[in-house]
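Listed below are the structures to be examined.
The following pair of complexes shares a single chain, subunit A, combined with subunit B in the former and subunit C in the latter.
What follows is the complex of A and B.
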């Protein structure tokens, strides 16, 4: 059962090219579908223009203005960006966010890879996979509150367990040193099973005969893993990394619910800083400029990873 | 957990070697005890425990009395079993009772938040799935100039981080005078989501054209084909998409935080945040907070129990965009 679903999913990714090819031949005679197409696409087009395209352009425009929500935006050129370059809080937010992304992605990917291997080779039931997915289905707010309680300094169960091991209590949310690692751990907890399922789908796509050949050649399990599984899994891993890294950079919910950027500036991640500048301090121009920078960072990160991916795409064929 | 599957398989088949061992029948029978397999299962059990036990702890706390929590912090059963937390959440306690049990005494309109969450998630899901299906039909089954260019443009919006469009969208909704209205909350989501279009287009592309062409010959128009052939044939992926969209919307926090602060349109996620910050710094109303958390998670839990398999099987497809 597990294999059929996952195998079914993989061709679906590759199918469009082929399906489109055959489709276009039979469909030639209907060249003039434009009017019908406009009808079908109209609602989505309204949403696209009003809530994606225009806001994107407007966001870029606003980043060059001074705009407190009262009055009109006033064009000030690149002044916001100049100010940001000298803004210690921005650099702090960037450093804090990068720290979060690094801890979160490293932990989450390693754990998910392990879980995916377990899902493929030992724990094959859908029930188990579903159970591991459960945290992912919960809202960030719920995950945050749940751990806010479990990790409470005074009477949280985790601190009792830590004490039981003979270690000192940890102020998970209250100390500058722990605030970001704690946020990263919460996110890892929530995303671990989900990421594992993505990687698991990739594992299922590796044809069995590759393993059989390796076995005939007398490869050890460790060799098989490093020389076959990992290289063939790489395109999927890179895709998973793109999705999860981009998601991590936009951490907001858990921070907003628990530490509110504190203690001091320890967990003021980029998106929370943007939120504060724009909505708490009504500085929409500055907030927009920060958002543009976040956007550029994400695009760069995706671009770099995508380039890295392209070279490996044909590994399976 | 089914142990039958693993035991049928090879002995050596532990974390790293199951595939390799399939071809060697000599080892297949009676290994008295396989340490690697046992170790692998131990890891699986730890992972399951880490995923599930926190929820038990939430349940246990929500059934406890606040004042007894500190003294029984490690007791696995509820400390001084009591349904007061749930009464507090649903507004069945007077302020004095609530304060006596360690609540903040402030009223929260939980039923109102619940209603708002249901409205917000249902409206956006219904709209986004239906309109995205229409668009996906145009992208997959119709031929028109500029089709691929427009589709790429739609896809590109998946790359734009939500915070980036949230600022101008907030100003737009504010200019329309729709702050703190349900309409303002749902507008950005209701017309489409790029992911929904992408997801459904994949399925529409793979559907057979034969029935459709036969209907065409019979003189059926596109609207009829869409409603009578394409939609019914794609019922399964549409249901999956609706499920995923609903859960995503239910969990949405940032946009409702910006646009729906007012009590009358506040959704559960935002309400939970407010509830948490109402707790006085020294002694949070833990059992009340955990009861509220659990009740907020309940709809998703129910969907998960009912459709878990559908959700799990959709991940391999939906995740790799």
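What follows is the complex of A and C.
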């Protein structure tokens, strides 16, 4: 990421030098194109400031207050954070969210990688490749509702089939053991096509001659996969992992339209708990503090992934 | 550049003064005219209130009412956002569980002066309904519009097949030890896949075709339709006083015994397991023939009697250890938002909604019981006209066996604690005694 931005900036800097030649060259070289640059950056910048930076800063401020939306925030220092450390529901939410992320990411990445390989080697028709993306085009809420009905205990077709096989019905959303795995599977189903597409793009960037050489050296398909494909795919995989892990941590809509945190606390994921505290119980200070903690966790996860998987370097150069 | 700024500033200043004039004029207006925004959540009642609005405008040509209906789930968050953004409706349908917080945050207009000035007769409403909307400081925040109670909906054909007469259904008794004739009826109405009834030898509780009693959910901290009609007959109350209780009683053995008995029905196979209730609604399962009895509220009459091919009977809730029946009594009211630009017209509209003129119109549509006694009787007649005997609901009011819905501060937080705690008990994961700890948490909210 960083390398491409730096590269992209070079020609932009060159352009006005020729156009506006002479006086105070040094200053102009640095600032002459500032206005033009700002003009192009402005749309993204305004969006970033209005919808990301300001809300983030305000959220951090609110996390140190007691605030019920009606009335003014009241500064209470780190009390929210102290309460969170002692809140069993927070620790439960963290554990539940991690369980969800683990199941979701492990399955999703493995399946997507398999699909991407199939797309590259076998399924070359655009129709089939396009079909893989279909679940992703469906709105999250619709996908969740669709499966909510398909997997219903009493009237769902899946349980009807399970019973037909002579097995006992499964309370996919109602039982504590199944609630999170079920929702992780639903979102795996929805996202794997899109993830596969990203990985597929990465696969196509690997030059063919590398494979030819491997072939000449007599490498088996398994060896080629582990020694050539995986290492060269690493930067793309890291990017995909960072994006999907962050997305996975933010699971909310599936929970909100199906189990709403239950049974008991089995699916009370962090995002849903934040929503519950802030919007249901009007405790926006506490909710903001929870959101800040989630923010820190995600920043750490992204940092660790970048650092240890060397996502910003490619072995191709 | 400077010049333009000057001009802009001047223009802004003029605009400001102008808008200030306009704003001042509107907010100090004591004249009752203009447009009133009114919100409600129940789509079934929309036609009735549209009729009321038309009649109201006919009588007060200077005032028009714009009605907006929103589903329950969006209603409250949109309303709260409206309070903050200044776009909330002038008048809206309010709920007992919600209004204490709004009153505390000064979002509601007190109606004390209006009631006094316009001589509103508070005794025309069913007993207790008007007082529900008075806070601890004596301020009145709503005029009652309707009420609801609980009864048993049952499948007439299933009862007949089981040999249970209508007379027996209407005279059930209950106690927390052996469940009385209520449990006997539930057991007898339960049928397994092999056709064996719940009280017969060889009943397979793991393969039940029809449950004697349907299960909606654990009822959280209120149990309005699930268990409050039982627990109240043991003399138990949710909190030390109501409204405005400060100490809850979920640690009381009377309550825990009731819940223990109820949760055990699922263990015995007479009621579905909690984990199977996520999904299709309890009423839909009833219509699909999966349960014989459902305890539910009077606002569901339309839905239960509307299913095709299912003949539905309505029986009163069972008589408990105190020798009486019981039902939670909930009421809605119309409130005025404190930020309204037009308090005079809003007050007029609220008074009209609270009057017999409008409540008779609502009664005629046979969807809910209006708050005014004479209108409620008209609603009972209207239901009868549709072939539905709703006396089991009305009986609670006549016999004064109603218990008020708990009205309290921190209502949302109490639910936040009690919902998972009750789920754990009803699903058999925790003993009923675990509710003592939840009770400590709840009471901690009021310290």
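Assume the second predicted complex is superposed on the first by the 261 of 317 C-alpha atoms of A that agree within 3 Å, B and C clash if a C-alpha of one lies under 4 Å from a C-alpha of the other, contacts with A are read in each partner's own complex, and residues count from 1 in each chain.
Methods note: a residue touches a chain if its C-beta (ideal position, glycine included) is under 8 Å from a C-beta of that chain, and two chains touch if they have at least 3 such contacts.
What you see is a predicted model; the values in this text were computed from it and never measured.
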| item | value |
| --- | --- |
| First (subunit B), second (subunit C), both or neither touched by A:160 | first |
| First (subunit B), second (subunit C), both or neither touched by A:263 | second |
| Subunit B versus subunit C as contact partner of A:279, first or second or both or neither | both |
| Touching partner for A:71 - first (subunit B), second (subunit C), both, neither | second |
| Partner chain(s) touched by A:174 [first = subunit B, second = subunit C, both, neither] | second |
| Which superposed partner A:148 touches (first subunit B, second subunit C, both, neither) | both |
| When both partners are placed on the shared chain, which of subunit B and subunit C touches more of subunit A | B |
| Where subunit A meets both subunit C and subunit B, residue numbers | 69, 148-149, 152, 154-156, 279 |
| Subunit C-touching residues of subunit A, taken from the complex the two chains share | 68-71, 148-149, 152-156, 169, 171, 173-176, 258-259, 261-265, 268, 276, 279-283 |
| Subunit A partner contacts - residues on subunit B that touch it in the complex | 1-2, 5-6, 13-20, 22-24, 37, 40-41, 43-44, 47-48, 50-52, 54-55, 57-58, 61, 69-70, 73-74, 131-132, 134-135, 137-139, 142-145, 147, 150, 153-154, 157, 159-165, 167-172, 174, 187-188, 190-192, 194, 197, 201-203, 205-206, 209, 213, 222, 226, 247, 250-254, 257-258, 269, 272-273, 276, 286, 289-290, 293, 296-297, 300, 304, 308-309, 311-313, 315-317, 319-321 |
| Touching residues on subunit C, where the partner in the complex is subunit A | 77, 80, 83-84, 101-102, 105-107, 273-280, 285, 288, 290, 412-413, 416, 419-420, 423-424, 427, 429 |
| Residue numbers on subunit A that touch subunit B, as the complex places them | 5-6, 9-10, 12-13, 15-16, 19-20, 23-24, 26-28, 30-34, 36-38, 40-41, 43-48, 50-56, 58-59, 62, 69, 114-115, 117-118, 120-135, 137-142, 145-150, 152, 154-157, 160, 189, 192-194, 197-198, 200-202, 204, 208, 211-212, 214-216, 219, 221-222, 224-225, 236, 239-240, 243, 246, 249-250, 252-253, 256-257, 271, 274-275, 278-279, 284, 287-288, 291-292, 294-295, 298-299, 302 |
